[in-house]
Every structure is written in structure tokens, then in C-alpha cells.
Amino acid sequence: MTHRSTGSRTLRVDSLARVEGEGAMHVDIVDGRVQDVQLRIYEPPRFFEAFLRGRAHTEPPDITARICGICPVAYQMSACAAIEAACEVTVDGPLADLRRLLYWGEWIESHALHIHLLHAPDFLGYEGGIEMAQDHPEEVRRGLALKKAGNDLVALVGGRPIHPVNVRVGGFHRVPTRRELRAFAPRLEAALEQAIDVVRWVSRFDCPGPDADWELVALRHPGEYAVTRGRLVSTAGLDIGADELLDHIAETQVPHSTALHAHLLERGAYLVGPLARFALNHDALAAPAAQAAAEAGLGPATRDPARSIVVRAVEVVHACADALRIIESYDEPDAPAVPVEPRAGVGCGWTEAPRGLLWHRYRLDADGTILEATIIPPTAQNQPTIEHDLLHFVEHHVDLPDDELRRGAEQLIRAYDPCISCATHFLDLTVRRT
Amino acid sequence: MSATKPRLAVWKFASCDGCQLTLLDCEDELLDVAGELDIAYFPEATRAVKRGPYDLSLVEGSITTAEDVVRIREVRSASRQLVTIGACASAGGIQALRDFADVDAYLAIVYATPSFISTLATSTPVAAHVPVDFELRGCPIDRHQLLDVIAAFLHGRRPDVPTSSVCVECKRRGNVCVTVARGTPCLGPITQAGCGALCPAYHRGCYGCFGPAEDPNPPALTVELRRRGLADPDLVRLLRTFNAGARPFRDESEHLAEAGP
Amino acid sequence: MLRHLAARGYQLIGPTVRDGAIVHAPIDGIEDLPAGWGDVQSAGSYRLRRRGDGALFGHAVGPESARRFLTPPTRTLWSAIRTPDGFEVEVEVAAQQQPPVALIGLRPCDLAAIAVQDRTLAGPRPDPAYVEARRRSFVVAVSCSDPASTCFCTSTGTGPTVVGGHDLALAELLHPRHRFLVDVGTDAGADVLEAIPHSSPSSEDLEAVAAAGDAAVAAIRRRLDPRARELTAAMEHPRWDDVAARCLSCGSCTLVCPTCFCTSVVDTTDLAGARAARVQRWESCFALDHSFVHGGSVRVDVRSRYRQWLTHKLATWWEQFGISGCVGCGRCIAWCPAGIDLTAEVAAIVQDHQQEVDA
Amino acid sequence: MCRDDPMVPVPYRVAARRPETGDVVTLDLVPAAAPIPDPEPGQFTMLYAFGVGEVPISVSGLPGDEGVLRHTIRAVGATTAALSGTEVGHHVGVRGPFGRGWDLDATDGADVVVVAGGLGLAPLRPVVRHLAAGPTGRELAVLVGARSPDAVAFAGELAGLDRRGDVQSAVIVDAASPAWTGPVGVVTDLLAHVQVDVARAVALVCGPEPMMRFAARALEAMGVGPERIQVSLERSMHCGLGRCGHCLLGPRFVCRDGPVFRWSDAAPLLGVRGR
């Protein structure tokens, strides 16, 4: 049944498909005017920040990984960065390279998954990637091969693709040998070629969406397409260090969600993730990635969330290229980790998860016991933006029949690649502030 | 043919999605799985939703809300076979740490929070609510074990999921024991096999993500790890991670916590 | 010599330093041997130590024995494909194409263990894969100069000097210069020795070797009570409960033991059910599944499983194979994460038992 | 591995499939390749169901059954369910025969008491058929216990024995149905009514282990010496060749030294809990 624009209608998608975690969408339209748009996150809260209290400073990499099965490395990396900051330890050289290598594995995996199984079906008109495989077997197989290469890279460095066991504060438990890494290079070379093909494929998709003008926020580090380190910059001139974040960004609780919303204090909603990174770091892309982006007609001013599928593909190219570079120059470090002696203090750390900025903050006791933990994941930062965009979209398409409107709105949400599992790790507000 | 394909459903409760993602991580087999099974409900992979009943339901996540208590019963009644996947669904997961919150003294603060009302005070495994045909362990589950369980359920075979200790796999794999050769605390002797003794292969001790092995002896491990220099609070934390709610781990950690300072 | 063996198509398996221990593993040549490394072992503990000399074999046994290389931890017995009315067996030939192994640096207890396996696996109903691997293997044994505190081969009559079971046996002498004395055990051994330069030993050499052997004997303090064979007469001894409280039931002892032979066979299928395989792998009698009959396991408690292990190894093995299942290598003592020492358990049990008999 | 690897089964075709009770069927198997040697009564084979598993199953037919290998199977788990569900014309794998069967020499000139609990009758059936084949010239008692009347396997054959008159046969059930007119109780109850010369009688017992214990003790109490009582034991078995270790019982490999043992041998072994 299809409603028209007169009268009031309520549009609901009770369970958003092809996103990570459990979310729903709720739109109220009264007399043809959009009253309310909510991206509901009903994923039950899991209280990570609460039970991190009292744990040892060595534990957050393993524990926070369990916030999200799709980007566990991101949690491990941000946790390490924050705790190392608190303990005033810097990890660099081959260990830092290995961390980036591991991270690229996750990027490749996560992006390949999103592109092929979650996002592309929206452009080509399928319910899911598996259905799409019937008509586009080669593309799906190529996507799966790419995803597998990413997973295998994570497993090579980290032990297994999901919740890798090898990461520790200070570095790793065991570092791979030169020979082990070299043996993986041919896989990455093949993946690089496939990734370039994927850019070509997705750049042909029709992206109708208007270019919204959000403030784009991402890490930036000289000479790198920043992932494990950098300052936070934005298209509106933000430029801060990790320990200044709370001076600029605030989280608020909204009643319809178990996740918190983050806003820039001065300016409101902003966007993190591939579009932001590309806009702010495109000059640091590896040559093959820059070339693929140019061929795909991707300009730094790209703001259309649907086009993020192309940006993701370009980022996969970059990840493969940089991973190859790391492998080629790798020398086994003397020790798998640098010692991290606990000390009383506060440390903040951030990295670029596949979906955008992931910030951790820990307050430690002198013996390393965690007194306080705060985590701001990418989806919490993007959620206000997604809702604004949704509102905009629904207002413009209010004449569409329900199911088309619903599908369109769903597609818009998926383009942002929200990770609801991440968004709801949150500690209940009241608890956290005590 | 396709009409007679067994119908698979994948459900999610409180979890990180990692276990269901494991199915999508079977890159080489994913299209085969789709060929052998009718993927009737799997929101992480497809918008398409087919009504039950389902021949095989994979359930991820623990039960933490009143609505979920109702929903898991519905899932059970719509499923011929129900297999839980992962530590959340089989033992309550990391979020079961809230079960110990009363002793940790912040429960009062949490109770004062209105929105807490929507969540239960405990995180419980699926089997605490409905009968379960098989529990696949791990945080996350192992890809090969998942495929084996699916194949076993398709073909009426017993899954090849041994319940013996990680040490058995560790030795088969040819790892050098980290406890004996480095003095590193390892939960392998009381943890169920399945991961292929991954952590010792990476020079660290097992942290128990596959939950307790069959007939484990945690008190004996306590004695041993104390001898190797571990303090009781460290032992409590070691036992209280992703399978903190599993009986043998819970009992030992409570015993240690009570005895503690 | 290693080069010669490799040239003859043998895969070299020798001691090498890996992950904090000296383990038997595939090696490329002499450069992989643990030159200058020794070990310090005790119940539940193993540590590498720098010897301060260039000895290649100045260590005692590590966690691996010949077992892994003669009867691998996991092996597909056969596979089959589904046919319209049943199945067709595809017999695996891969194992046969494996290169033969040259086992370098096996110790006298390892040789004794192979002799035990020859009875358990190559008896009246032999395991063809074992028989084949064994037939094609080449053994370079080394007499022990530096036994560990966990060794007790003197009381099991299996060491510390090589007396048989080898193709070639070495004795390593470090002074006044680093050299090896070779004993030829078989024609195959003689053949290999023929190809490498060597000279006849001097009488001083022989004396030095004999003295090293005596020193090794003297260094071994641990001992297995010979009355271990009587363990089955003490099946209800309270010590079984005592050890059960300490035992983790993890199975490590059975899996480092060079003579344990228990295996399980499991079935695997692909998703389509078109192909099936039967896979044999090392099993431990500490697993509940080991004694599972429909309805439950026979040995449900740790007490009965530990007792099964010890009584089988030390007592009933004699009745089955005319030999002890224990060769005195001490691996189960060192590699037990709980540090349980079977010689102490045996002593505690048989002493009381003896007193009962005497009284 | 080579074709003559004893772990590789011989394919056998299911020539006939007869339901015995609700969960018990008898399969008649004929070789589809070079057959295994003729089994003796009391021996077993390892039966393989494609992709599901391999389990020990006693031979329930006679060696001379026109080349037919006969097995009677109760579906208790995955493998037995798959085996008993194998359709006529389809194949199973067979290895064996394994173990030592009943010592029939011991029955020469002796009265024989057969005590079977549940499907324990399967391995005893060839013995009964053998002993009852000719004029017996001795007392032959066949005592069978079952959970319920509809769980009595080979009911027709048992009725046939009963009709002969020269065989003392009786069936007892744990729980009667309304139609059941026979005795209710445990199989040892039947021993009280058996008339044999206990001084030279031989007893052959097979069934669940607790039942065999009770039966053997009752027989001993009647005066049947433990060396003249034979029991057939069940243990986990993965090879049948005395190499996998699963069936160890003290110094014995049940698969190789058994499954049939004299009670004089078995009693001390079974007397130790958890052995």
C-alpha cells in the first residue's frame, strides 16, 4: 500500500540490513511535512567503558577489540596509542610499520566487504551481495578474493582475522620474520591489481546524491595517508592533538538511541571516514591509488556519500600499495615490543578506523590500573550527520511511495557505512560522569 | 531443488558481530554455503527476509534485555536446530562482566540511571533461556569449525569440535609451551581447543576465549600460576574476560576474589 | 654428513633453537644446529642456557621426539567421493611422496622409544604408514653428555649412551679439539660414512668417550622405581586422588611422550556432502572422548584418567608389548605445566604398597 | 597409503534391510569388492557410513549365510542412525572381522545359558542358531531382557525357539505394555527358573555392562564358575587393530583380546571403577 503526501505517515525500517549491528530508522511525516527523523540504535549497551575500570593497562587492546568484530584492529591500535601516550612511550620503526601493515589488512577486508556485500547491491539493485553474485559472479568473486587477502594479512601479522591475538601495548607478542612477510608479497601484488579494477568498476556506478557540505574531519600526518598517527584537521580549519579532542567535540545522549551523538562545539555536525580522509589527505596517496582516483574522476571536493564507495576502493588500492612498501623495507626488530611501564596519568590516542576517527582516552593509576576510560567511535560522530542527511532526503522525496522512500533512505544510511556495534559500546551517560 | 534447500537464519543479540562476520569471512566457501543453503534470514548480508521456520539457526550474542528474552524464545520456536555461535551466546560474553558489578561497587551508580532500566542486570547465554542443540565456542568462533558445524548439521554427522584442552592442539601444532619455556601464564590447560592453539603460537598465553575445556581443573591451575608469580587479582582478571560467566571460570574467579584482600 | 644425507634425498630433521627451546624440526644444515646452546630443565620448567662453548649436541631432549616425524600428528587416512548409490574410496598417496627423513641427534631414549613404537605400531597388525616411514628413515644418534635433571634413563636401561637402533651414532668431544666419534650401526650407515672423510679413533678418543659416558651416568639422579610394574596392584591408592587434585588433565604429558600411540579418527565432509575424509590425529587418554561409549565416558574423573595413563605406560604395557612404555626421557616431567613428576608419583604409590605387602 | 591399508574399508551393498523394532534394523550386506574373511560368532566389524562415521558392530549372522554379512544395529547416535537408514542397493564400508568371538569349544558337551540384555542378543544370535541347529543333546537356555515389549529384537526367532520345546527360552521386560503377558523385571530374575547342570554349564552374556555384572554374579552364585562365564564387552573403538588405544581395559585391548572375555578375566578389570 502506498500513501501519498497528504495525511500523516510513519515510515519504519525495524531492522536495518547490511549494516554492522542493530539499528532502525524512524521517520514521522505529518501533513506532508517531515516531523522527525531518527536513526535508532537499539543495539543493547555492553558497558565497555564501565568494566574497563579496574583492569590492567595491558588489557584494553584485547578487551576493546570486542566492541566491534569488523574493525577490531582499529580498537587495538587506538587503545595502544592512548595507553602508550599515558605511559609516555613511543613505538616507532619496524614496530610502527607492522602496526600499519596490520591496519591495512583490516582496511582492505572491511572496505572490500562494504563495497561488495553491503553497498554495491544498492547501486545494482539487489537485496544483498550473495544475490548479486548470481548476475555478477566475477565482480563478487574478485571482491571476496580481495577481502580474503585483507583477512589473511591481518591473520599473518595478528594471528587471526577477527580479534587478532598478537597485538599488545608496546608492540606485538611475536613479530613475523622477513621471510614470512616476503612470502605474502605476491598476494598483495595480485590484490593491488584487483583493487584497481574495483575502482574502475565502482566508478561507473550512478551516484545521484547531492553534494552536501559537511565539515570533514580526519587525521593528517606529513607524508602519510594518515592512519595510525597525526593531528586532527578539518575542512574548516580544525587542527588539534589527541588530548585536545574534548575541548572541541562533545557527546550528548539522545533518547532514541543507546549510542551517544558527537558534535563539534563550535559548528555542530561533522563527518569522519573515507570522504573526509580523501578530502584532507589525497595528496598523500600512493601513486597507483592517486592514479586510480584521477581515472575515476574523484576530486578532493567529493561530498556525495554515495561516492564514498569509490573512495573506499581507492583506499584499498592505497592500502595494498603501502603494505607492499612496508613488506619490502621490513627488517625484523630486535624485540617484539618496547617495554611499557605503567605510570599515573591520562593518555589519549586516535587512529583512522575504516569508518573514520576512533579516539580512546584512559586515566591510569601508578600501577597501571585503569581508573577511567572513554571511547568515541566513528559512527557516534557521523550519526547526527546521517540524520541531517536523512531529513534532507526525506523532505526532498516526500512524494515517493513508502517502499521507495524507505529503500532510498536505507541506501543513504548504508552509504555512510555506520557500524552500530561500535556506536553502542557506550557506557551509560550517568555512570560515566560519576 | 532450491525449494528443498535447508533454510539458514542468522540472529544477533548483544555482541560485536564478529561471530556472524566469521561466516562472511569464509570467502572461499561463502558462495558454496549460499548454494547448499537457502539464506533465509541474515540481515548483515541481505535485505531479503524469508519467514520461518528455519532448519538451522545460528545465534550470536547474549541475552541482556527483556525484549531479547522474548525474542530468543521466538527464534527457538521458529528453528528446527539452534546452534549458538561464540562466547557471547554460549557464556554471556565480555558483557557478562556486569554480573560481577555488584562486588565492584559501581552497581549503585548504574541503578540510578533511568536508561539502565532497559537492560537487564545480567548478560546470560542463550542456553539459560531456551534449549540449544549445539554450542560453538570462541571469541570469535573459528571459521573452520563453523563450516564443519554447518556441514555436520546438513549431513547428520557429529561436528568435529573436540572439547579437550588447548594444550592438545598446542602440542599437535608443535608449539613450544609458553608456560614451561617462558613462565608465561597460559589458560590453555583449562580452555577448550578449537583455535588451533593460536596464542602460544604467537608466544603469549591463552586467555581462554574458547571457554572452559571439558572437566577442567581451575584450582590446580591457580596453584601453578601462583607458583609462577601471578597474584590473585591478576588471576581473577585472567579468568574474567570473554567467558567470565562460564561456570568453571566464574567459580574459580569468585573463589579467588572472595579469598582476596 | 648432513649435506650428504640431504643429497641422498633425505629431509633433515635435527635439533634447532626455536621459540625458547631446542626442538627437533626440519633443518637446512649444520648452521641450524644449536651450537653453544644447552638447557636447564626441571619439573614444569625448561630454559635455554648459553654453554660458552661450541657444542652442537650439548643439550638434553627437547619437547619433540621422533614420533612427530614417523607418525604425524594429523593424517588423512583416506577420502571418498559420493556416488549415486554410495561412495568410492580415494586412497591417499601423498604421504608416500613425502621425502624420507634423516633424524639427526636422536638420543638413546629416543632410539628406545622407536623400538617401543616398532612394537606398538609395527606389531602383528602394523600401521603401513608407520612401517613405511620407519623403513625409509635414517637415524643419526648422539650419546648424551649433558643430561637434564628430568632424565632418568639409567633406571629404565635406555641411556645415556647409544647402544643400538642407529644407522650412525655420534659422540661429541669438545677437548682438546671439537670432534665426533662415529659408531656404525647398519650397512646404510656405513655407506654414508664411506662418503665423508674420517679417520680411526685413537685410544685417547675412546677413553674420553667412555669417561663422558660415565660422567653422564653419574649426572643422572632421578630414578624410576623398578616396582612401577606393580602399580596395577594399587589401583585404589589415595595418592591417585592427591595427584588428581594437581593434574590439569590437559594431556600435555601424553603428547610429548615419545611412545604414546593413541589416535582418534574423525570424519569430515565438504558442505555439499560430496566428499568425505577420515582424518587420524594424535589423541590423549586425558580426553573424555577417549573412553566415550554411547551414554558416557568410562573414565569420567581426572583420577581415573591419570591412573590409566600411568598404569598403562609403566605396567600393563609390559603385558601387551613385553616392554615398558617409558624410556626415561623425562619429557612428561619437564613439559607438564603443573610440574607433576611421574617418578615421584610412582615412588609414593609403590612404597606404601610395598609396606602393605611386607606387613 | 596402500590399498591393503587395514584402515580402508571394503564397500558392501545393502541387499536387504529388515526393521526389527522401532530403532533397530538388520542389514544384509554383500561385498561389492574382494570380501572380508568370514567372521566368527561374537566377532565384530567396523561399519562405515559415508561422511558420518565408523563404528564397531557385531556380526549377527552365521558365517555360512550364503556370503551375506549380517548386522543388527540400534540407532543411538549419528553413525548408527546413518547406517540403519542406508537404503537397499546403497553401500556401506566394512573392515574386519575383528576380535575374539565366543569360545564355542567350551560349549562342547555342556549345557549353555545365553543371557542377553537389549541388543546384546545380536552377537549371541549366531551362537543360538548354531547351538540350536541340530538336536541339542544338552540344555540350552536363552534368556532375554528388554526395556519394553516393543523393544524385543528378533521376537519372531525367539518365539520360534519357544515353540521347539527343547530350548528353555524366556523374555522379560522392564516395563510392560497392556498386552504383555510375560514376566516383568530384570533378566537375572529369569536365571532362577533355568534348569541346567551348573557344574558343567557355560554361560554366554551380552548386554549393558551393569546388566552383565549382575548376570555374571548371579550365575556365579548359582555355581557357574567364572571361567565358564563369557561376556562381550563394549568400549570406544576407532581402529579395531589394537593401535588407537580407545578400547584399553587394563592390559587388554577389547577390540583385539575381546570383545568376548571370560568373566574370570573381566571381573577384576571391571571391578576397578573408571578403569
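Which chain is which? They are A, B, C and D, in the order written, and residues in each are numbered from 1.
We take it that contacts are C-beta pairs under 8 Å (C-beta built on N, C-alpha and C of every residue); 3 or more make two chains touch, one makes a residue touch a chain.
Since this is a predicted model, take the numbers as computed values, not measurements.
Give the fewest steps needed to get from chain A to chain C, where each step moves from one chain to a chain it touches.
2
Counting C-beta pairs in contact, does B-D beat C-D or the other way around?
C-D
Once you find the CA centre of chain B and the CA centre of chain D, what distance in Å lies between them?
42
Please compute the C-alpha centroid of chain C, do the same for chain D, then give the distance between them in whole Å.
39
Using CA atom averages as chain centres, what separation in Å is found between chain A and chain B?
That gives a centre separation of 25 Å.
Report the inter-chain centroid distance for chain B and chain C in whole angstrom, where each centroid is the mean of the CA atoms.
The answer is 36 Å.
Which chain D residues touch at least two other chains?
51-53, 77
Return the residues of chain B touching two or more other chains; collapse runs of consecutive numbers into ranges.
155, 157-158, 203
How would one label the connectivity among the chains shown: line, ring, star, complete, or other?
Shape of the chain contacts: other, as it matches none of the listed patterns.
Using the touch rule from the top, collect the residues of chain B that touch chain D in their complex.
155-158
Quick one: which bits of chain C touch chain D in the complex? Just the residue numbers, please.
So the residues of chain C in touch with chain D come to 77-78, 80, 82-83, 85-89, 91-93, 95-96, 120-121, 123, 125, 127-129, 232, 235-236, 261-265, 267, 269, 273, 276, 278, 280, 283, 285, 289-294, 298-301, 303-305, 307-308, 311-312, 316, 319-320.
Applying the document's contact rule, which stretches of chain D touch chain C when the two form their complex?
Those in contact with chain C are residues 1-9, 11, 13, 32, 50-54, 76-77, 89-93, 234-236, 238-239, 241-246, 248, 250-251, 253, 256, 272-275.
Can you check the complex and tell me which residues of chain C touch chain B?
By the definition above, chain C touches chain B via 18-21, 23, 25, 44-48, 63-64, 68, 73-74, 245-252, 255-256, 266-273, 281-284, 286-289, 300-302, 334-339.
Okay, in this complex, where on chain B does chain C touch?
Within the complex, chain B touches chain C at residues 29, 32-33, 35-36, 147-148, 150-152, 154-155, 157-158, 160, 162-168, 170-183, 186, 188-190, 203, 213-217, 219-221, 223-224, 227.
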